[in-house]
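Two complexes are shown next, each including chain A; its partner changes from chain B in the first to chain C in the second.
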Partner chain A sequence: MSDILIAVLRSGTPLIYVALAGMLAQRAGVWHLGLEGLMIAGACAAAVGVEQTGSVAAGLALAVLVCVLGSTLLWFVVEKLRANPIIAGLGLTGLGLGGADLTVQSIYGSEASVTAGAGLPRLGDAFGAFGVLSVLVAAMPVVVLLLWVLLRRTRFGLRLAACGEHPFAARSVGVAPSRMRLIALMGGGVLCALGGAELALGTLQLFSNNMTAGRGFMAFAAVIFGGGHPIGSALAALFFSIVEAAGIKAQLVFGEKAPRDLLLALPYLATVIGVWISGRLRGGLKAAASGGELRDN
Partner chain B sequence: MQGEEAALACVDVSVRFGAVAALSGVSLAFAPGRIHAVVGQNGAGKTTFARVCAGMVRPTAGELRIGAQPVPVGKVNAARAAGVELVHQSFALPPSFTIAESMEFGATGSGGIFTRRALEARWTGHLKSLGVDTNLRTRIRDLPVETRQAVEIARALVTDAKILILDEPTAVLSPAGVATLFERLRLLSRRGVTIILILHKIREVLDIAETISVLRGGRLIEAAIPVAAIDAARLATAIIGTPSGSIEAADQAALVGGGGGAAPVETARVSAAAPAGPPVFEMAGVDTRPDGEGRALEGASLTIRRGEIVGVAGVEGNGQHTLVRALAGLAGLDRGSICLGGTDVTAHALAQRRAAGLRIIPFDRNSEGLSLTSALWENWSARRLLLGRLLSPIAPSRLRNACHASLKEWDVRFADTGQPAGSLSGGNAQKVILAREIDADASLVIAAQPTRGLDIGATAFVWQALRASRDRGCGVLLISSDLDELFDIADRVVVMLSGRIAAEFSAPYNLAAVGAAMTGAPQ
Partner chain C sequence: MSRYQSSAPTSTALLSRRHVLQGSAVLAFGAAGLSSSGARAAGGLVALVHTQAAGDNGPVDSMIAALKRLSSEKGFTMRAIYAQDAATYESIFRSLGDAGAAIVVSTFNEVADPIKAVAPSYPKTKFIQLFADPFQPAIPNVETVGYDYYLGCYLSGLFASRISKSGKIGYVGGMSLPALNADLNGLKAGAAAANPAIAVTGAFAGSFQDPAKGQEIASQMYQSGVDYIQTDSAATDTGIIQAANEGSGRMVSAIAKTQYKLGPKTVAAIVKLDFGLSLYQEVSKALEAGWIGHHLPTGIDTGVVDFELSDVFLKEGPADLVAKAKTIWPEIETAKKAIITGTVKVPLNTTL
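Let's turn to the complex of A and B:
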């Protein structure tokens, strides 16, 4: 039992951090499709940072720096250059994927992966079987809770939500939606860095090209599934990892009888169904979907 | 304003949006603790003026003083800190917020972490003192429009505002709602709040204001004159400018809401044809399926005869939108039938109904009425193209020529039939829709808020077009939230309440009776 739980937490934690980043952006009124790019940039920067300096802290710092810069770039393109956020986000994803490849190639030649010398600190033997998990896994529930308090129980959270739902309302009490979006995207950058670092350094201590494998998009789906709510988005991301873990388990059990590709597709299938269900349940993200700048008059 | 410090003063304020001058050199001072009105027709610059005062629009020139202090312009926070708050016409609270969250959202000062209960405890007293007794967990989107406005006002007063500006607060209210609002404003005024009302109805202005300022075409025509020094006729002239010969006197009165209790209805203005033509439209006991796009109809019945204009009054959100969608075949019917020209069209799609003579001037001309990015000729010819067969060929040059002739006939000001519809002003855009929708084959014209946001000339034009349709023998259904408009041009007025036709009135109309029917008050 505990091995399944460990597997779920391992694959779920990076996804949850990135989903929280997408949720922050969504609440501020930006459809964040650059999550995939930021996640891989964070993973790559963390691994390269550790490999180059030997310090995990330096690797984390580099990942945060890269992801916050990437988020700021997205904000600049969307808010200042008035680009379509969907296209700009996809562009950021392309930039992240390509940039990570380029970085690895230019530093390590033709190799497609970077082996970091060290990983994130583990929880240790005090936690028994769970001791193999990284500290970022343990920090994840705390981060979710803190974000919930920040977004649902403070005035800042109300104002951020107003920027996404009804920017004109925000402006009429003197809140600048553009600035709030910058804050939300930069905060999301930090979260993406944590997600990427956990992916690369949490278990494997390795970065390989395309290692995010669409997790950023799945995180975005979790935002929609979770109705743009901090806890909802985290639970949705967790649900996807459970399905993924179940898929791996199913491969081991049914690998001979069922087509492997179908089992691999399970999490993505669950994503589609999940988003469809969330649309049925209490209108899902209807409020967020119909808001945007349309009302800003 | 000598001898008395103005609560708020604008000095030589000008605002330009691109090539358009929204305000030109407006200097205006408001005495503290009074109720002031700023009036003018659509496009006169009233809303821009209000937004300049509240810091939402940065003027291209001029300055703003609150008390004796100059205030940085174009900064909402500066204006709020100085005690100026604005209640918007279109309302500005996120629909998903609860009432308590809406208050906290606008509050200033230290906030910290709250619980739901603490938030409610914090704001209950404030809301009670302003007459809002609704459960504080109710979401904004679930509130009736009167309560919603009261919550907006309460939101504006969370900071102990000294100056409260309300932009067209009466536009969405029933007559009873207007009376309640005015009571509330008088109460605030007694508490020492300076109130600036943006209005366009003379009757309401004379009812509540202590001073009146008039804007016309972005210029100040009258500056804060005491209400005793002006009468309805002079005010009407100030608002409209030189009376245009093409606008009849009764229309003029309706345009500025200058009439008394009931607008005068002359016999000559009622249908020239025999009033009781055969029914062109019959709707019997219609229930629509609830679909989250507005209040469903519940047992709505209505008959419209040839050669009459039937007005639909009602507080917004009582099923008016669904009525139009049901007529167009866009809302699912659970029960009831709809007949057009004697044929049952209940099961017919919109295209078939249009072929039978149904024409619709929709609520929102910018999203439902026109494709703003498409060319004028494409918009204009959409009607006949949609009626044609799927693969029937289109001859653009012929359509362009026909469109050109038709738009000229309807007096649309345009440069080229290829220009996008979005490049036209509101009045001209509405004329394009009229040119498309009103033709010789029309038998029933639905006009949903056809004059909303139009200036006086364009409004009178739309009214003439509807009257002409009626005189040709069409049935006309006019849905409007402006009772003066309905009283002026409708031969009969029905009131919608809670998804049904609740009452019917004929000329001469009694404002109080219609108002009571709109709120469901016992008569």
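Let's turn to the complex of A and C:
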């Protein structure tokens, strides 16, 4: 049982961090489709940073810097250049994927992968079988809880929600929605960096092109599935990881009897079903259909 | 460093990426500095159009290195062009034909249709497709090269069956494609030949570039008692080797010698497919007068496809497993000879 739990936590943690980033943006009124790009950028920067400096802290810092800059760019394009946030987010995803390829190629003359040589600190023997997990896995529930407190129990959180739901009302009481969105997106950048770093340095200690493999989009789906709630989004991301682990298990157990392609598609099928259920329960589809942006002027 | 690449990408990430990077292959092609003057340099132009990224420590790097070596030996101009997007393959081949390229080499099944579309229009350009099925009908200026990789997997299965302590072995492929299905079936046949009671578990990651998924699958396999995994999934392999490194008594048979360093104590062997050697051999032949296009099946008697024990593992692996591997190896050599002489027939089965 602990083996399955470890597998779920290992695959779910990067997804949860990135889903939290999407949730922050969504609370501020931005449907963040750049999560995939920021995640791959974070993974690439973390691995390159560690490989170049030998320091995991430096790798993490570089990942945070890159992702925050990417988030700021998204904010600038959406808020200052008045671009549609969904299109801008997709552009950011393309920039992240292409930029990571270009970075690896220009630094190493290689187009495929970077071996970091070191990874995030592990929990260690004191945690028994869970000792193989990284410290970011242990930090994840704390981050979820802190975000819940921040969004639900502080003035900042209420203002952020107001900016997302009723920007006109927020502006009428002196809150600048644009600034709040910048803060939310930058915070999301930090979380994407952590998600990317966990993916690249958690246990693998390497970066490989396209290694996010659609996880950023699944994180976006988790935000919708989770109703834009920090705990809901985290649980949704965890659910996707459980389905993925179950899909692998099903392949190993029923691989000879069931169509393998169907078993491989299980996580994506669960994503679609999850989003559909969420839409039915929370009116998420209606919100998405509105164009994905809330303008206050 | 995949041997294979799906012609139908399934990832949503790939979908979005395609839009953004639509013209990148064409731009890369232009940046390569291809010109008609270069094309008409001494010995003509020989171009390698690779559909997977270089820097893979595997097939693409070995092909580029082999082409460079041959270029310096024979005095022709060479270009290596990375074609990322399937939509650009045909235009790249056509541009090379227009530039008067003498030989165009490319890889994997996804370039088959573009070559079929372009080759008849450029009869003076010789096209070589590595890792290909035969063209029906054949085209006079096209050589297709197939590899009996499944025979290497058969030998790996034989070896695994003998060295496994648990009696459970595994296989992790990138995607369920006919060629990879044949590899899994080859592994099963080899394992069963040595021990009919052996349990073989097969799984596919759904991607050749997802080491995290590879690690998850391999971890679950090892936890279920499997102690030997044959990889067949390119960059995803790295995660499988990482999972092997996390426990004792776990072994991997990988696909390239460059993977030895990733698991010196766990990567016991490789089922090798030397693309560089294959390219060197076929381009050398195509440079000769009288070359005519054909299909070339490549077996384990050519040195291109083989099953090899890791010299790094023999030095650094667990003593008991190393000793056992050395004891088993003569049997593998005997089986290899039997396949080459035809005494042992390994069926090619591409369905699961």
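We adopt the following convention: the second predicted complex is superposed on the first by the 280 of 297 C-alpha atoms of A that agree within 3 Å, B and C clash if a C-alpha of one lies under 4 Å from a C-alpha of the other, contacts with A are read in each partner's own complex, and residues count from 1 in each chain.
The rule is short, and it goes like this: contacts are C-beta pairs under 8 Å (C-beta built on N, C-alpha and C of every residue); 3 or more make two chains touch, one makes a residue touch a chain.
None of these values were measured; they are calculated from a predicted model.
Asks: Putting chain B and chain C on the same copy of chain A, do they fit or clash?
Replies: Superposition result for chain B and chain C: fit.
Asks: Residues of chain A touched by chain B versus by chain C: which partner has the larger set?
Replies: C
Asks: Between chain B (first) and chain C (second), which does A:166 come into contact with in this model arrangement: first, second, both, or neither?
Replies: After superposing on A, A:166 lies in contact with chain B but is clear of chain C.
Asks: Contact-wise, after the overlay, does A:11 reach chain B, chain C, both or neither (first, second, both, neither)?
Replies: Second partner only, chain C.
Asks: Once chain A of both complexes is superposed, is A:126 in touch with chain B (first), chain C (second), both, or neither?
Replies: So A:126 meets neither chain B nor chain C here.
Asks: Give one of first, second, both or neither to describe whether A:174 is in contact with chain B, with chain C, with both, or with none.
Replies: first
Asks: Taking the superposition on A as described, I'd like to know which of chain B and chain C A:1 touches: first, second, both or neither.
Replies: In the superposed model, A:1 contacts neither chain B nor chain C.
Asks: Would you check which partner chain A:142 touches, where first means chain B only, second means chain C only, and both and neither mean what they say?
Replies: Once the two structures are laid over each other on A, A:142 reaches no partner at all.
Asks: When the two structures are overlaid on chain A, which partner does A:155 contact: first (chain B), second (chain C), both, or neither?
Replies: Touch partner of A:155: chain B, not chain C.
Asks: Quick check: superposed on A, how many Å separate the nearest Cα atoms of chain B and chain C?
Replies: In this superposition, no C-alpha atom of chain B lies closer than 28 Å to one of chain C.
Asks: Quick one: which bits of chain A touch chain B in the complex? Just the residue numbers, please.
Replies: For this pair, the touching residues of chain A are 149, 153-156, 158-159, 161-162, 165-166, 168-169, 171-174, 283, 287, 291, 297.
Asks: If you look only at chain B, which of its residues touch chain A in the complex?
Replies: 54-56, 75-77, 80, 86, 88, 90, 92-97, 101, 104-107, 111-115, 292
Asks: In the complex of these two chains, what residues of chain C are touching chain A?
Replies: Where chain C meets chain A, its residues are 1, 11-14, 16-17, 19-21, 24, 52-57, 60, 82, 176, 201-204, 206-207, 209-213, 215-217, 219-221, 223-224, 235, 238-239, 242, 246, 352.
Asks: Give every residue of chain A touching chain C within the complex, in rising order.
Replies: 3, 6-7, 10-11, 14, 36, 90-91, 93-95, 97-98, 101, 104-105, 108-113, 132, 199, 203-206, 208-214, 216-217, 244-245, 248-249, 251-252, 255-256, 260-261, 264
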